[in-house]
Amino acid sequence: MGKNRLEAFSDGVLAIIITIMVLEMKVPHGEDLAALRPLLPVFLSYVLSFVYVGIYWNNHHHMLHATHRVDGGVLWANLHLLFWLSLFPFITGWMGENHFAPLPTAAYGFVLMMAGVAYLILARAIIAAEGRDSLLAKAIGTDRKGKASIVLYAAAIPLAFASQWLAQGIYVAVALMWLVPDRRIERALADHEH
Amino acid sequence: MGKNRLEAFSDGVLAIIITIMVLEMKVPHGEDLAALRPLLPVFLSYVLSFVYVGIYWNNHHHMLHATHRVDGGVLWANLHLLFWLSLFPFITGWMGENHFAPLPTAAYGFVLMMAGVAYLILARAIIAAEGRDSLLAKAIGTDRKGKASIVLYAAAIPLAFASQWLAQGIYVAVALMWLVPDRRIERALADHEH
Amino acid sequence: MGKNRLEAFSDGVLAIIITIMVLEMKVPHGEDLAALRPLLPVFLSYVLSFVYVGIYWNNHHHMLHATHRVDGGVLWANLHLLFWLSLFPFITGWMGENHFAPLPTAAYGFVLMMAGVAYLILARAIIAAEGRDSLLAKAIGTDRKGKASIVLYAAAIPLAFASQWLAQGIYVAVALMWLVPDRRIERALADHEH
Amino acid sequence: MGKNRLEAFSDGVLAIIITIMVLEMKVPHGEDLAALRPLLPVFLSYVLSFVYVGIYWNNHHHMLHATHRVDGGVLWANLHLLFWLSLFPFITGWMGENHFAPLPTAAYGFVLMMAGVAYLILARAIIAAEGRDSLLAKAIGTDRKGKASIVLYAAAIPLAFASQWLAQGIYVAVALMWLVPDRRIERALADHEH
C-alpha cells in the first residue's frame, strides 16, 4: 500500500488545523489599539501553536520520507496523531482567551503530551511494519528527544497550577528544542544514500 | 480518466470535514473545570464522528487502491458519498449539544445510514466501470459487512426513541466492527500480487 | 510550466468551498423537529450549491485533463473562476436564510452567471495557450452548452423579481443539464486515443 | 529531500486562507439591498486580499518550479511566509469591518510588509540551499521588484494615518505591479530549456 495518500491526507489535515486556529482570533469591533489589546494573549498562543504544528509537519515529513511500507496499523496510528493535533485550535483558543490561566495552560500541556505520545506510537507502528533493521529504526534509535519532550509536558501539567509561566516556559523551550528538523533522520538518510 | 484527482479531491473534503467538526466545540468563556463540563457530550460525539470519518477515509483509500477505471458515474457516486459525509459536522454538533437526545441521535443514525448506502453505490459504480471480473468485485464479493452496517443503522433510528443509549451502543459497535481496515481487499490485493 | 499544482490548488479550494458551505447551516438549539424546520431552505440551497460545485469540479477536471500547456494567463483565469466560486458559501447562505426571497435569488443567479463567464474565459485562455488545433479546442467547439447556461442565468436574474420559483426552476434545470460530465471532451479524448 | 510535500502543504494552506477569508463576510439578516450595503467595504477588502493571496500563490509556484533542493532552513522559511499569510483573513476582516479606518489600514500594510519580507527570506533560503549559480539566483538577481514592494508597504503604514486612501492606493498599485507572474523566472527557465 502506498504512502502517498497518507501524506496527502495528513498534509490536508495539518494545513487546515494550522489555518483555522487563526479563526479563534475574532475580528474586534473597535478600530483603535485598545480593541486589539485583548487579542494579544490569543495571538501569542496562536504563534506557539503555529510553531508546534509546523514542528509536527516537519517531523512527520521527515519520518514518512524514511518510510516505505504502510499498513492498517500505521493508518490508524496516523489518525490517532491527527486526532490530538485537531484539538489544537480548541485548546489554543481556550488558553489564549483566558490569558494563560492555570487550568487551560495545564490542559494545553495535556494535549501536547498526548500528541507526543501519539507521534511515538506512530513511529513504533511504522517500525513494526518495516522491520527492526529499517532505515527509520536506525535513524530514531531510542528516540530520547521524543521521550524527553513527553516527560517535560507531563511535568508542566502540575507545574501550571503552581505557576503558569513556568509551564509556558517549558512549552517554549521544548518547541525551541524541536525547531531544528530531525537531523538524526537526515543523517541516516544521507549515510544511506552514500 | 485518471483516479488521482478523484483521490486528491476526496482527501481534501475528508480532511476538511474531520477538522471543521472540532469547530462545533466552541471555546468556553470560563477558565475552570465547570466551563469544560458542558462540552463533554460535544467532545464524545466528536470522537465518534472522527472515528467514522477515519473509517471512511481508510476504506475509501483501500477501495480506490483496487480501482483502475473511473468514469462519470463514479465521479458522481463519489460526490454523493461526500455529500452525506459533509453533513457529519452539522449532525455531530446537533447530537452533542443536545446531550444525545432521541431525535438528534436518530438523525445521526440516518446520516450514517445514507453514507453507508452511498458507499455501497460507489462500490457498485466502480465495479460497473471495471467489469464483474475486476479485482474489486472479487475483493468485496457480496459485501455482507457493508449491508449489515446499513441494517444496524436502520434499526438504531427507531430504537433511539425507545432508548438513545441503545442506538449509541449500535453506532459504537458498528464503528468497532469497521476499525480494522478492509482485510478482504488487502487479501485480494496480496493474492493478486503473488 | 506544469498543470499539477494548478489542479492541486483548485482541488483544494473547491474541496474547501463545498465543505464550508455546510457551516452556514447553524446547529439549532432545540432538540425537536420544530428546531430543524427553519433549516429546510438553508439545506435545500446547500444541496443546489453542492451540486453546482460538483459540476464545476467535474468539468474543471475534464478540461484540465485535456490541457497540456499552462501559462500566466491560465493561472489568473483559473483564480478568477475560483473567486466567483468562493462566493458560493456566502450567497447560498443568504438565499437559504431568506427563504429564497427575490433579491437573494437574483444575486445567486448573478454569481452563477459570473462563474459561468469565468469558466468560458478559462477555456479561452487554455485554448489561447495551446493553439486553435488543440484537443480542447476541438472538444469544446463553439461551447453552445456553456453559453446557453449563461443566457439562462441572465434571464433568471430579472425573472426572480417576478417569481423567485421560476428563477429557482431555471437554476435546477441548468444543473440537471450539466449533471452529465462533458461528454464532448470525453469523446474527443477517446477519439484521440484510438 | 523532495519539494513535493512542501508544495502540497503550501497549496493546502493557501487554498484554505483564500477560502476562509470569505467567512468574514457574514451572511446578513435582511433580504434587501440595504442589508447588503454594509458588506461593501468587507467585500472590497476581500477582493484585494484574494488578489494578494493569488499573487503569492503564483509567485510561490514559479519560485518552487525553479527549485531543486529543499532543506530544513527552506521548510521553516516557508512556514514563516505561511504564518504572515495566515493573518490575512483576520486583518482583512478588521480593515473591512472598520471601513478602511487608519489603524486597520496601517496594520494591513504591516502584514503585507512582513509577508513580503518573509518571501524574500524564503528566496534567500532556497538560493542558500541551491548555490549562488542556481537557476533561481540568476532569475531573481537583486530582486528589485520585491524590495520595492516592501519599501512601498513601509511607506504606506505611516501614510495611512494621514490619508487611508493614499495607503489603499499603494496597496492596489503594488498588487497591479505583481499581477503579471514573475516573467524573470519564466524567461530564465525558457533560456535554460533552450
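For reference, chains read A, B, C and D in written order, and residue numbers begin at 1 within each chain.
Keep this in mind: a residue touches a chain if its C-beta (ideal position, glycine included) is under 8 Å from a C-beta of that chain, and two chains touch if they have at least 3 such contacts.
Predicted model only: the values in this text are computed from it and were never measured.
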{"item": "Proportion of interface numbers common to chain A and chain D (over half same, under half different)", "value": "different"}
{"item": "Copies chain C and chain D - rotation angle from C-alpha fit, nearest 5 degrees", "value": "90"}
{"item": "Distance from chain B to chain A - Cα centre to Cα centre, in angstrom", "value": "26"}
{"item": "Residues within chain B bordering two or more other chains", "value": "8, 12, 15-16, 20, 23"}
{"item": "Chain C partner contacts - residues on chain D that touch it in the complex", "value": "7-8, 11-12, 14-16, 18-20, 22-23, 25, 27-33, 36, 47, 50, 54, 57-58, 61-62, 65, 179-181, 186"}
{"item": "For the chain A and chain B complex, residues of the former touching the latter", "value": "1-2, 5, 8-9, 12-13, 15-17, 20, 23-24, 72, 75-76, 79, 82-83, 86-87, 89-90, 93-94, 97-98, 101-104, 107"}
